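Quick heads-up: structures coming right below.
Consider the two complexes below, in which chain A is the common component and chain B and chain C are the respective partners.
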Partner chain A sequence: MTTDDDTTLWWARYRAAGPQRVAPASAYPAGMTRLVEPDASAVWLLPALPDNARPDVLDELGLAGVAVDQPNDTARVLAACLRCCWTEPSGPVWPAAPAPYDQVVAVFRAVTGNRDERALHAAAMGAARRLAGAGWVLFDEDARVVRLGPRVASWSAAELSTLRELWRSMPAPEREA
Partner chain B sequence: MTAGPELTLDQLAGDAAVERLYRQVFAVLARESGAMISDVELLDVDEAILDAFADAGRDGLTVDQAVAACRPIDPGLIHRRFEVLRDYGAISKVVERPHERFHRAAFAPYVMLLFLRRLAEQGGQAELHQLLTLEHVSVTAPDAGPETGQTTISRLTRIFRHLGNELAILAAGSTAEQLGDHAQLLWGNKGLISQAEEVHTVVLTRWPQLDRECTALRIALAAYGDAVEKAAGRLIEQAGTTRALGLLSVETWLSFARTASEDDLAGVLDTFVFDAPAPWFSPNLLTEAVESGRSAATVRQPPPRPEGSAPPPPDDLRPADDATGLRETAERLLNSGDGDTVAVAAVLDGVGDWLAARRVLADLTAIHHHPDLEYELTWSDGFRVDPERSPAWASEGTFRRTA
Partner chain C sequence: MTIFDTVLADLNERHRDEVMAAFAALEHGREPVAEAQLLALRDATVRRDLQRLLFRMGRTLVRVGSTHWTSGFRDDVTAQLAAEGATAQSRVDRAVLVLVLIHSVAIPRSQGLIGGDSWTSGHPTPVDELTRYTQLPRGEIRPALQRLRAAGLVQIAPARGRAAPTDGPAYLPGPALHRLTKPARERLEHELILAAAPDSPLAAAIRARRPAAAAAVATPTRTSTTERNEDT
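Presenting the complex of A and B:
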């Protein structure tokens, strides 16, 4: 078990640097959820927040959260990632399957309509990088593969059902043979 | 000063000497008899006068010499201050007789002036340190007796009670800004307290019978320490919430920033945790974004236009194109010459009066500027003057076909 100081430090690390990736066997502090990578090579630590301390409380209080550039496009790309990676929407959202980036772009194109191709790619790439920086998706830019990041596991069950609705309403990506 | 009936003449003389000294000392603070100065500049005037006396040597000074010595200052002001200082005995006649013009100055007012200056600059803190050092010296002196120790201890007790009371009252009931103004009482208090404790230790070991007085001093010191803690706590609390950096002097912040170690500097932020700039995406936000993306994806609406074909605009709004008319005019004019070139002066002569000529000139200019007509109007130097004709003078120009 870890001491109080360790727990405090883990929380501070999470708040300062987002979800923490640690070795699977390492000690972990109280109040944190362990998210095991599919191949069990590492574990993400994500705090299990009580309902009244989650980020969406800001919405209820009418306060502004952390600002993000181009919030709408970023949210659309996240939704596209969700549509592509969450292959089993009846199950948990973590760990989802990896999806090719081009597939995500295709879904993004489908939900944004006829936009200039260059602008579309620029918007999608910027949004994907922003999401990767915040831990919402894991984006391997060289392999052009997108996975859902550990932060998606912080969506609650009620929120997941909303997301399932969204999932169903979105156009399906073209699966490769 | 109350003089009891049993006072002897010697005592009265002693009292009078003390009172004279008090009067001299406070002369520099007097505006006039019985009133304090309300203007710091008057202190400068006093200092200038006393400086002049110091420089004057053993002859002393007359009023006019003093005024001359303090030249940049208004003579009237010098005269008035001179009178006030003389009233209080800080300046007196060299020889006490009528019509004596030379004066001498006492040294006590000048010492007082120096003390006032230092008190004004440092709020008395340095003086307190010096006082404590002096007290330490006096109680450690080999010939000091228990009376010395007692007076020392009671003096210190009073000083610290004053300090502690003032600070405690401020900490309890004043605004943070007022507290900040008096924050000098907070600085260096550790040094003050430890100095006082040293004096206390010396006294207690030398004269154990002064135990009761020493206890009073200890209590006063502890009360002062508590008041400092409390006031500092309030200041810090205010500073933490209001970010009112003005609560401390700029120099204090600067010297802290310069001299603090890395740990000290980091300690400032010890209790703060910075949130990572990670945005939160609620499912509703995702849904809304996707929905709005779809609606934005519909075909862009063209701006509203009137139904059906638009009626032609009224005639007077249509741009006039008089190219054919102008071409006819041009051909007619050119034909009056050799068919390709014609001199402007000849054309003007041909139409007679100026009213018609200027119309022709306007036509020529219009033809020249018309983009579709291949004629040009060129002007060369020199002109023809002939009072018999109309126009009486004309520049030499030619109108010709370019293509």
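Presenting the complex of A and C:
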């Protein structure tokens, strides 16, 4: 395979199965962002799209994007993950820090208000799994730990500044002593 | 140099913008896009540049009906990804998808209720139908449907027009099925025939045609990986 074919396959793998996790020393194609895991054990590959080829172009064209189940709760749980994991919002959003899942649920509870506890937990778990399936968060269900996923690195500078404002407006998680 | 720079370097600014907009519309959009809406779909010259860009990413233009377009995987890239096992769907998810396709497309087509070779359909598959006769563990069907829904491979059928409101939820094939190329649609049909009626004359005919096809995939010629496809 030539280099061109290699690049083609990397884009196709991303399209088929989401951000690709590879060994740190692996060759990687031009035009892809390389995200190093905090312990340098692996690298995520994420294609870099030019501004006018990104999903927000759909809004300008009046076209529908991919449908998300329970979009409001899913967005709230992503916001809660961001509030708990992005401990230094003045800095980059990747890799951020791991946070206990219960802390994320507590922030979710604080922004959703009065809700039956069982329904709240079901909504939070459904949303966390959905976000993990799409690569927005990394969710270790056994250890009950959440991290931001590699896809957050695709947010543009403008999107990040909006998210920083959102971050400030959200209730702070209770950190363990 | 990124793929975008390489492919679009020779275009003027306006055409480059048109190609990028169409790329975003086809790759990120949920449904196929009307040709009339975008110059890069309407104009055959600009469309060729869009196809060149998609091609470099392992994708290709797919025509839907006579007026709409979407994008899908190139057939040679599909073969490569399948050989690597790079698929997002688990075995259970794929099994549930096939059941929906059998009930919503294969059976109505065999009865002459739908024509063409599309894998989309207006014939709902009730969830009850999936759970009652399947050999899959029942508890796995609901989460599988959720994941397939997130991938656009199935969608909930609108309640209107169904036999009775007490039927419970029903599913249709999702908009992502539009992304199958013509050879991919045919492969899916052949695989279903081989699985459902392996002893039928039709299955024998498909098997008889296979060795030649397999050899063609193993030694791709320059023409089989061209940047054009039959649609463009």
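We take it that the second predicted complex is superposed on the first by the 175 of 177 C-alpha atoms of A that agree within 3 Å, B and C clash if a C-alpha of one lies under 4 Å from a C-alpha of the other, contacts with A are read in each partner's own complex, and residues count from 1 in each chain.
Note that contacts are C-beta pairs under 8 Å (C-beta built on N, C-alpha and C of every residue); 3 or more make two chains touch, one makes a residue touch a chain.
What you see is a predicted model; the values in this text were computed from it and never measured.
Contacts of A:82 after superposition: chain B is touched, whereas chain C is not reached.
In the superposed model, A:28 lies in contact with neither chain B nor chain C. By the touch criterion stated above, A:167 is placed in contact with neither chain B nor chain C. By the document's definition of touching, of the two partners only chain C reaches A:50; chain B does not. When the two complexes are overlaid on their common chain A, residue A:66 makes contact with chain B and with chain C alike.
Touched residues of chain A, counted separately for chain B and chain C, are more numerous for B. Once chain A of one complex is fitted onto chain A of the other, the partner contacts of A:159 are limited to chain B, with no touch recorded for chain C. Chain A residues 11-12, 15-18, 55, 58, 65-68, 130, 134 lie at the interface with chain B in one structure and with chain C in the other.
Against chain A, in their complex, chain C makes its touches with residues 1-4, 17, 20-21, 23-25, 27-31, 33, 37-38, 55-59, 73-74, 77, 80-81, 84, 86-88, 146-147, 149-150, 152, 155.
Contact residues on chain A toward chain C in their complex (touch as defined above): 4, 7-9, 11-13, 15-18, 30-31, 48, 50, 52-55, 57-58, 60-61, 63-69, 130, 133-134. Within the complex, the chain A residues that touch chain B are 11-12, 15-18, 55-56, 58-59, 65-68, 71-76, 78-79, 82, 111-115, 130, 134-136, 151, 155, 159-160, 162-163, 165-166, 169-170. Within the complex formed with chain A, the residues of chain B that make contact are 273-290, 292-294, 296-299.
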